[in-house]
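Beneath this line is the structure, given in structure tokens, with notes to follow.
Per-chain numbering from 1; labels A, B, C, D and E assigned in written order.
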């Protein structure tokens, strides 16, 4: 259960989440090490998004404890915005700010939240655009970008806050097939820079290749927690076996 | 083709069986001439003019239907033959005579100025520079206009209904309203904060019945009016509406 | 009882004192005023029914491919949407006798004007409801070889109704409120009766206040039923 | 020229003949009537501006988490949406002097009533505009650690404006049309001037027809600019 | 170029289609044999959907000729509805009639268009529901179905008109990954019954296994027309090579 360097980035202890009478997450406990990449997979509606959204408090857990870098974020007295600055999130539908240019999208949070001088923020944004290979799109508005380009900008926007942890919720499922790879490549590069990542994905190739561990969620529980080679070649639970049979 | 239908619903159309119904246009904001008795829940038009109209139509063998509207809509109603005659304390003026026909005058009245108690306006002269309310389309509008020209100007504020005018005076939005004495009396009695003074008016404000131009009813009505004056019926109604009515009001 | 509350009551009675409200004088006339509820409702109902029929016809004209019909529908809508109701009302009230020789009453002129006017609005509602049905539905029906008429009747209109119904109730609410305009042409609706009582009793404000409350209650009950309807429709889909 | 067309012309001249239109009698009064254009426009403009300011405040109350503010905003909106404008107008016109001792003019009472009334509608428009912005935008901003105020000002409101602007123009059009109601409380707007001229000259229909056309032209030009605006907004996104 | 039994089902001759000034299809010519299954693949916006929609006249071709079973459907005097009864279509987003039960959805066109007696139509519909394995959902409304179930109903609805040809426009791209297979299985069964099929798809597995031929569309032209084994192992055009490199 120890990650790449022995330190715990995320510790989850008996996490419950309900929407009204619907119990979506049931007693989830897990640890994710610093620098580790975890792929979350499972059937539709099993609670993957909800789980991810609890990690940056976009959903308020019903009960249970979440620690990030040793700090308990489920503490009601916590400054939620401070926590979120440290946990980046990339959405299926990008959610770029449509009325800001690509550059402004990336600069916005550092300038507004961290009071970074504009000059500095712009330099940083340009560096990030270089990383996601979109330097030439700096002054373009999001509407003019392809899906893959939008998602790469969204990743750069998250990285601009220099988070310790990045969450991805199906970052490639809204993309045309030809654009999937360019996004996955960027994500792989991010993971190689040592980022702790939790990725909800249906891209089994990516899960196999990049993830350090697979969480298979089923009806609100982690039904299986294993390294990819074990999980894909030899899934334990019958649900996982079923799921893989269908998907491959 | 362009076939003109000159006939209106009120013409001979249905004279076969029951007696013909005459539509009377009036502006029921004008106690004691015409107003609504609403306490019963039905909303009966009553008043001096209504009683006269009832008497005349009865004598002539017509049914009567009263149609209420704003005063400035009465002449258009006659012109468009929406109504067969109109009684609304209406004064026959030269201008109006070019548009409608009139019967003989059946009652004379005078104009007054209704003001807040103690305002001290004793005539048009005192109103210079003030605002003066009149009913839109009424002779009082002309009278006020004339007075305004003579004395060098006040604002004329036309309103559709007398009741609005009185309310405006009470609100202090206009300084005075020009209203006939018989009508002003009722409003004063019911609004202790108001008073009125009769104005030194040149021409008298007599009331007559109006008809569409060329109407055959004019002669018939004149004849009955004549009879009423002769047989004391008219005096009885004057007594009823300009004496007894006010006594009753005072008791309430 | 806390102080604030006492002061509020105080303030209220102060406001009312300044208005010098005196309802006792008009108490006998309240049944007469309330009689106007029926006139107003009747008026609204008739206008809504005729408006709906006329609006349906207009909306068909406006999705028609026959150009003159289409243009007539568009021009008609534009005229009624572009002129104040109070103006249209007076025009129809005064023009009808001159044009047709028929001595239209204020009530009738009101029903006609409001039907013609809300027909214009309702036709837009129906047209929008039809256009709001997913284009995929048309394509699915077409690709099964279904022709225009059954497609409209069986596939499109039943779905359009759901978009249309709440808007229709809103249009009825607007009609109910606008109905107060007929008071200006002498129909004895709620508002007109308040004015008449005012003229008889020499009090102006109190009857107005009463009818304001009555209107509010009527509109609210319509609004509530509209919300219930919308909820039920949303549930059923 | 085909027969149908000839018959149509015939019908038209027949209609007009029956109306006995006679504009010559009111020609001298036409400048007086047109003077009402300025009154009507001024009235509409003032009401739109005050209504917008008041509507913005109300919409903030209505998305506020402080309960009394929220309830005030909701009750206020409900009252103004539930009462006919003509009734509210008379009430304010006659109550203000009694309540405040200030002798409000018809014009002023009109501006106040219409501002209060359209404030209620505009607050709904603004609120809906804010709610219509994709929830993903809020979530994206939140997950970057942006706090409420900059999120509203920099992310949500700029996007909401696009939804709001066309609705605001529509509200102004409604205001322009409703402005005809002030004729009932003696403000000398377009419609009132037509009535005054009618009463003076004993021609009722012609002045009404003239102002109907004037209203229509004013509304149409507003509508056209609204359409242009909407197109431009759609292009820019 | 000869199909399974030597007869031509669809013959396309220099087909052009423009939207305003945008030329979407440029001089497409092709033949599809009776019983043949053609997979249409190509980058987004290349004109796949437009091509398919021209085949049942949902789009009116700008110029060119299309023959179906020897009948020229581009003839302006043709009865369009008659043609469409013979060419079924399945959409990415199903487009079931939401106000009709599953059974009614399937019965509707046969009863309305072919005047089939209700009794008979119902028997036929039940038989089709059996084929797509949804007999128990007959009385359910579409809103209650999963995506995969919806698409299977949509296929049954099309089959109820007994078309000679079936068109599929990305029938699985709106589905959750676990539901893709159930739909592809039904499609395979339909193909095995001898149906002529044109399928726009991103499912390369399906294209490889079920299609007799691949049309690779690029910028409004058929850039490559080859059997799947040839196309996937040895694409000729550089565009196809690029496309495959990205997608796999």
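Points to keep in mind about this one:
Basically, contacts are C-beta pairs under 8 Å (C-beta built on N, C-alpha and C of every residue); 3 or more make two chains touch, one makes a residue touch a chain.
Because the structure is predicted, anything quoted here is derived from the model rather than measured.
Common neighbours of subunit A and subunit B, by the contact definition above: D. Among the other chains, the CA centroid farthest from that of subunit C is the one of A. Of the two chain pairs examined here, A-D and B-D, it is A-D that is joined by more C-beta pairs in contact. Computed centre separation for the pair subunit B/subunit E is 82 angstrom, with centres defined by C-alpha atoms.
Averaged C-alpha coordinates put the centre of subunit A at 52 Å from the centre of subunit C.
Between the Cα centres of subunit B and subunit C there is a gap of 34 Å. Residue positions 18, 94, 98, 184, 204-205 of subunit D each touch two or more of the other chains. Shared contact sites, meaning residues of subunit B that touch two or more other chains, fall at 73, 76, 164, 167. Working note: touching chain pairs come out as A-D, A-E, B-C, B-D, C-D, C-E. Note for the complex: subunit D touches subunit C at residues 15, 18-20, 78-79, 81-88, 90-91, 94-95, 98-99, 177-181, 183-184, 191, 204-205, 208-209, 211-212, 215-216, 219-220, 223.
Across the complex, subunit E is touched by residues 43-44, 176-181, 202, 243, 246-247 of subunit A. Interface residues of subunit C facing subunit E in the complex, by the touch rule stated above, are 134, 136-137, 139-147, 150, 154-155, 158-159, 237. Residues 28-29, 31-33, 35, 94, 97-98, 100-106, 184-186, 188, 193, 195-202, 204 of subunit C are the ones touching subunit B in the complex.
Across the interface of their complex, subunit D is touched by residues 56, 58, 81-89, 91, 93, 95-99, 108-109, 112-113, 143, 154, 157-158, 161 of subunit A.
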